[in-house]
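By written order: A, B, C, D, E and F. Residues from 1 in each chain.
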Amino acid sequence: MGIIELIQSNLLTPVVLFFILGIVAARIKSDLKIPEAISEFLPIYLLAAIGLHGGIEMRTTGFESMLIPMFVAIALSLIMTLNHYQILRKLGKFNIFDSYALASTYGAVGAVTFSVGLSFLKNQGVTSEGFLAAILAVLEPVSFVLAIFLTNMAVSKMVQKKKQTLQKYSKDDQNDPTAYAELEASIKQNRSFYHVLRESITGKAIVILLGSIMIGYAIGKEGFQPIKLVFEDLFAGAIVIFLIEMGIIAGKRLDDIRNVGPFLVGFSIIIPTINGVIGVAVSTFLGLSVGGSVMFGLLLASASFIAAPAVLRTAIPQAKPSLYITSALGITFPYNIIVMLPIMLTLSSYLHNL
Amino acid sequence: MKLYEIKLLTITCEVLAQRNIFDILDKHQVSGYTFYEVEGSGSKNLHGKGITDKNVKIEVLLSNDKLESIVEEIMRTMFSDFAIILYVGDAKVIRSEKFT
Amino acid sequence: MGIIELIQSNLLTPVVLFFILGIVAARIKSDLKIPEAISEFLPIYLLAAIGLHGGIEMRTTGFESMLIPMFVAIALSLIMTLNHYQILRKLGKFNIFDSYALASTYGAVGAVTFSVGLSFLKNQGVTSEGFLAAILAVLEPVSFVLAIFLTNMAVSKMVQKKKQTLQKYSKDDQNDPTAYAELEASIKQNRSFYHVLRESITGKAIVILLGSIMIGYAIGKEGFQPIKLVFEDLFAGAIVIFLIEMGIIAGKRLDDIRNVGPFLVGFSIIIPTINGVIGVAVSTFLGLSVGGSVMFGLLLASASFIAAPAVLRTAIPQAKPSLYITSALGITFPYNIIVMLPIMLTLSSYLHNL
Amino acid sequence: MKLYEIKLLTITCEVLAQRNIFDILDKHQVSGYTFYEVEGSGSKNLHGKGITDKNVKIEVLLSNDKLESIVEEIMRTMFSDFAIILYVGDAKVIRSEKFT
Amino acid sequence: MKLYEIKLLTITCEVLAQRNIFDILDKHQVSGYTFYEVEGSGSKNLHGKGITDKNVKIEVLLSNDKLESIVEEIMRTMFSDFAIILYVGDAKVIRSEKFT
Amino acid sequence: MGIIELIQSNLLTPVVLFFILGIVAARIKSDLKIPEAISEFLPIYLLAAIGLHGGIEMRTTGFESMLIPMFVAIALSLIMTLNHYQILRKLGKFNIFDSYALASTYGAVGAVTFSVGLSFLKNQGVTSEGFLAAILAVLEPVSFVLAIFLTNMAVSKMVQKKKQTLQKYSKDDQNDPTAYAELEASIKQNRSFYHVLRESITGKAIVILLGSIMIGYAIGKEGFQPIKLVFEDLFAGAIVIFLIEMGIIAGKRLDDIRNVGPFLVGFSIIIPTINGVIGVAVSTFLGLSVGGSVMFGLLLASASFIAAPAVLRTAIPQAKPSLYITSALGITFPYNIIVMLPIMLTLSSYLHNL
């Protein structure tokens, strides 16, 4: 199957179609919505299912085969985050805060995108390595932590400079509330670094994902049997329901795309493409399977739109959330699940057949 | 029945600002607060009941002296970064010692 | 099996028994309830399942076989709505507003009743045509639109008359607030017609139902496989859970039955019976299967009690909701699922064997 | 800290009346409002948290002059058709220009 | 537009005390009340939105004379046993006959 | 398998591991939680599933075999409640109210514990008698009713005494508000006895459980088929999800254990052990199966932590909920599902092989 046919056939899967239905519903201002309790529960369920599956697989394959891919993934994620920052700051002329926020949004990974990827592969009858769930878990905070650390450094420097200037030129300015506020902000910022680090690691996504990996590892295939129906067989249907809601949220964001500007629109499509292709190539080289390489590529191609707002809003409050939420959820997510998945599968198959 | 005068501070903000507000309240050692999720419309458009954007309303019964410094700190550190409104009302309570 | 035995055996199905359990729980003032998020989600789920199933079937059977039944259904629904109005207004002595509201409630269709019908047929091992889901979707707004249009016409005429009277007899009455209010109401009413039309069509029930039909049509039986567990196999259990809540709501309404008066109680039983029998007969004549004729009859027999309150409350605010909610949910719904379904199945089998 | 006087209008009504209220508020160009679902008991019996009958409470901070015309319009067009109560209270805000 | 003075009694308590409060309100024949679930922090720690511990907030518009006896009964019979706070505010309504 | 191995293997089941994950999440202050709507719905679902299963089984076995075990269970539950009271009051030096509240919490049964027990037995490939669900339903209110009755008696006596004292020594004291309040309290107390009795019996747990037993009895194995997927096959997965939330709640309670004191900690472990062992022995003697004896023992060993707070908080408001919630949920529940189940299964197997 060529890429075009694969994209077409992918378009006609329930996951993508219900996502589009959600978008349409939002556009025609329908009152369709998935109750909040359900849409808050579904990511927890999806991550538990992903984690259990990954843990069970890792029991068979062991840890060793995972180590190199994981370190490569972390390294790539960090490099890409820095690279995004340079592009956004230099070419896109975004301010420091927006640049770091966007850079880490795209350096981080999307758990929902990952779920859709698994369901896409299953539809195509392709399997992937279980340890990718563990990489997903580890990769989640990496990019945020880097971005927040660098933002803090930048702010500290700025404050330092201003403080010196203040001290040099005037003594009365000490009472200037803005100057005080700035100083306080820098302290707040530094405190919030550990704060954010702590919050990222104890965030529900990581806790349930890591926990489920360990549980999957502990119970193995046999212990999984009684709950397989809920945590494996229902997965495909559950993700369809979740994507209705994702579509509705994305649909509401579509208007905002006009405001993010053409540069960011281009960024939201080109960067995932490049990152995804690199991911597929590198992981093929590392010896991952056809499906594993697709998922590895997807980890790098995906942007975070559930964890990101929660973390960044408190960590880099100066950045505009409408920028990173809109581009990640409104552009990159649909692009990834509709276009990139087929591209990466074709590429991965091609590379594995060389 | 003797009733004591007290202030009721109400803060409505996007959920992402919630923890910062609690931190400020704790720092000023208010004796308690009540909060719940709400939806709203304001200058920053309609906030739905979605996962990433919803509002929370926080209510604090507190004495007049704490009020000023809390409002001042919220204004200074948060007004520019978050969608947030706040207002103050009068209330009467029985046990004034419970609300400090 | 005779009708009586069929009714008896239908009484002993989980769907009916859990509905009764809900009623009992409400009567003894138990605090049993299904959390709102679940009971808001279940209709969406049920409609998605119905739609997918219908769409997949239509892929096999094509559109042509659907056209005549659909137009006949629309025609019957309109005629019946007008007929209900005459009966309620002339015989029942209800005012214009209550008459139109009730007429359209019984002219419209009940998606929940439809779900129970499908589950009833499945229990009996009888299949039905997939395109009935499409008729369900189209029929939803038809009756409301008619009723609201006619109500508007009636109100306009009333206002016209009053205006003339006002102008004839007094000039000062122009300042009479009631007169003004009336005029404004007529304008509001006319605006709200398009408003209501728009809202009916973008209402969540129609959006999810039509959307799922199209998705089902697009993905076909094969694409449905991965989500079949959730959207087909869970259906029977999900409807049982939903009927607990329906029973609780109906149980709370039972006290109100006293207030709706004997005429409306009779209406709520006789009209569905007549409409249902006509539906079964006509659809048998049109060539539908045994099960298809039952479902066609059920479409006409059923009254709307989830969409109706939402639409009518804003469209005909002068009508008393306690009348149409109580009769549709408290009387007609139980009557349909307990008594009418067996009657119609017996009738349909009989007619098909002629 | 300078606080400005403002009115807080609170409307509690059945959910079916919600959109009409919003329409009236928008028509009078209030700068924002907050709302949330509530349960209640009143002359029209207990409103549960069911699908078809639940209450919603709407709160609007607004200036005195808008208040009167809004309340008047709600009274005139909605009191007869819907289960609805409303009351007005005093509040103080920092940025009075935000609430018009 | 003529507005009538009325009292707004607000009670925030753990959900297990809810029925007792309703009983007291009914006994004093208030014409209605509104309530909703809230979360809160107070002297008895953070009340989550769990199954066994959550808070409920009850609001009653009522006349001045009923207010006193209701507050007095709640104080006497419930303050020692339940986590509960209450406060009173002023409000204005259009139809004072609806709130007695 | 020895007890130790059985405990170890039980530790490695999803139910226990996800419970522990919930505890860990609460301890590290993660924001992981199951939305309230889901965690309110799950007990209803679990009880419906238990009830249906029990009812279906009872259809085969009949009522007679149930009668003796049920009366024995009621008798044991009453005796144990009185016994708990003596221990708590005499040895533990708790006041009357706390003693009665705790005594009945441990005399009552835990529906969640019962669910975990069923899933434990299923994992071990052991079956149990269906009528145990009926015993669960009947046993729920028994212990509360006794405790509340006895508390009322105790309060009445106290009030009586005080009244006499008041009358003897002073006439003006009649106006003493405290004295009046006390009298009123005694009346309130007596009213609340019927109140509580009523509330216990119409409580959602009993209504859904008894209702489902009857429905299961009415529909039988065959009528159950269409909903078996939801009400039987999903059971194991659903309980896992529920136990995450239970773990989170228990985890938050762990800090409070320090406050309940060493006596109550000991009580929370020793009493279930003794009660459970007695239950297994007695039921083995009564002729129940290996698995049935385990479940019978579990009924007696378990403490109530969902119904108890709701009932006792209004019935014995003078008692401290932190005592009975913390010990029942924070200590006894984990102990029962991790340690007691394996112990009782080993004991039951041993006794049945004598």
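Definition applied: a contact is a pair of C-beta atoms (placed from the backbone, for glycine too) under 8 Å apart; a residue touches a chain by one contact, two chains touch by 3 or more.
The structure presented is a predicted model; accordingly, all values stated were derived computationally and were not measured.
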Neighbouring chains common to chain E and chain F, by label: none
Contact distance in steps, from chain A to chain C: 1
Centroid comparison with chain D (C-alpha atoms), farthest chain: F
Pair with more cross-chain C-beta pairs in contact, given A-B and A-F: A-F
Distance between the centres, which are taken as Cα means, of chain F and chain C, whole angstrom: 44
Euclidean distance of C-alpha centroids - chain D vs chain E, Å: 20
Length of the line joining the C-alpha centres of chain C and chain D, rounded to whole Å: 33
Residues of chain F touching at least two other chains: 35-38, 40, 234
Interface hub residues of chain D, defined as touching at least two other chains: 36, 89-90
Pairwise chain contacts under the document criterion: A-B, A-C, A-F, B-D, B-E, C-D, C-F, D-E, E-F
Residue ranges of chain A in contact with chain F within the complex: 35-38, 40-41, 44-45, 202-204, 207-208, 211-212, 214-215, 218-219, 223-224, 226-227, 229-231, 234
Chain E partner contacts - residues on chain D that touch it in the complex: 10, 12, 36-43, 55, 57, 68, 71-72, 75, 85-90
Chain B residues touching chain A - in the complex, by the definition given at the top: 16-17, 19-20, 48-52, 54, 76-77, 81-82
Touching residues (chain side chain D, partner chain B) in the complex: 1, 3, 6, 8, 22, 31-36, 61, 89-94, 98-99
List of chain F residues in touch with chain A within their complex: 12-14, 17-18, 21, 24-25, 28-38, 119, 122-123, 233-234, 236-238, 240-241
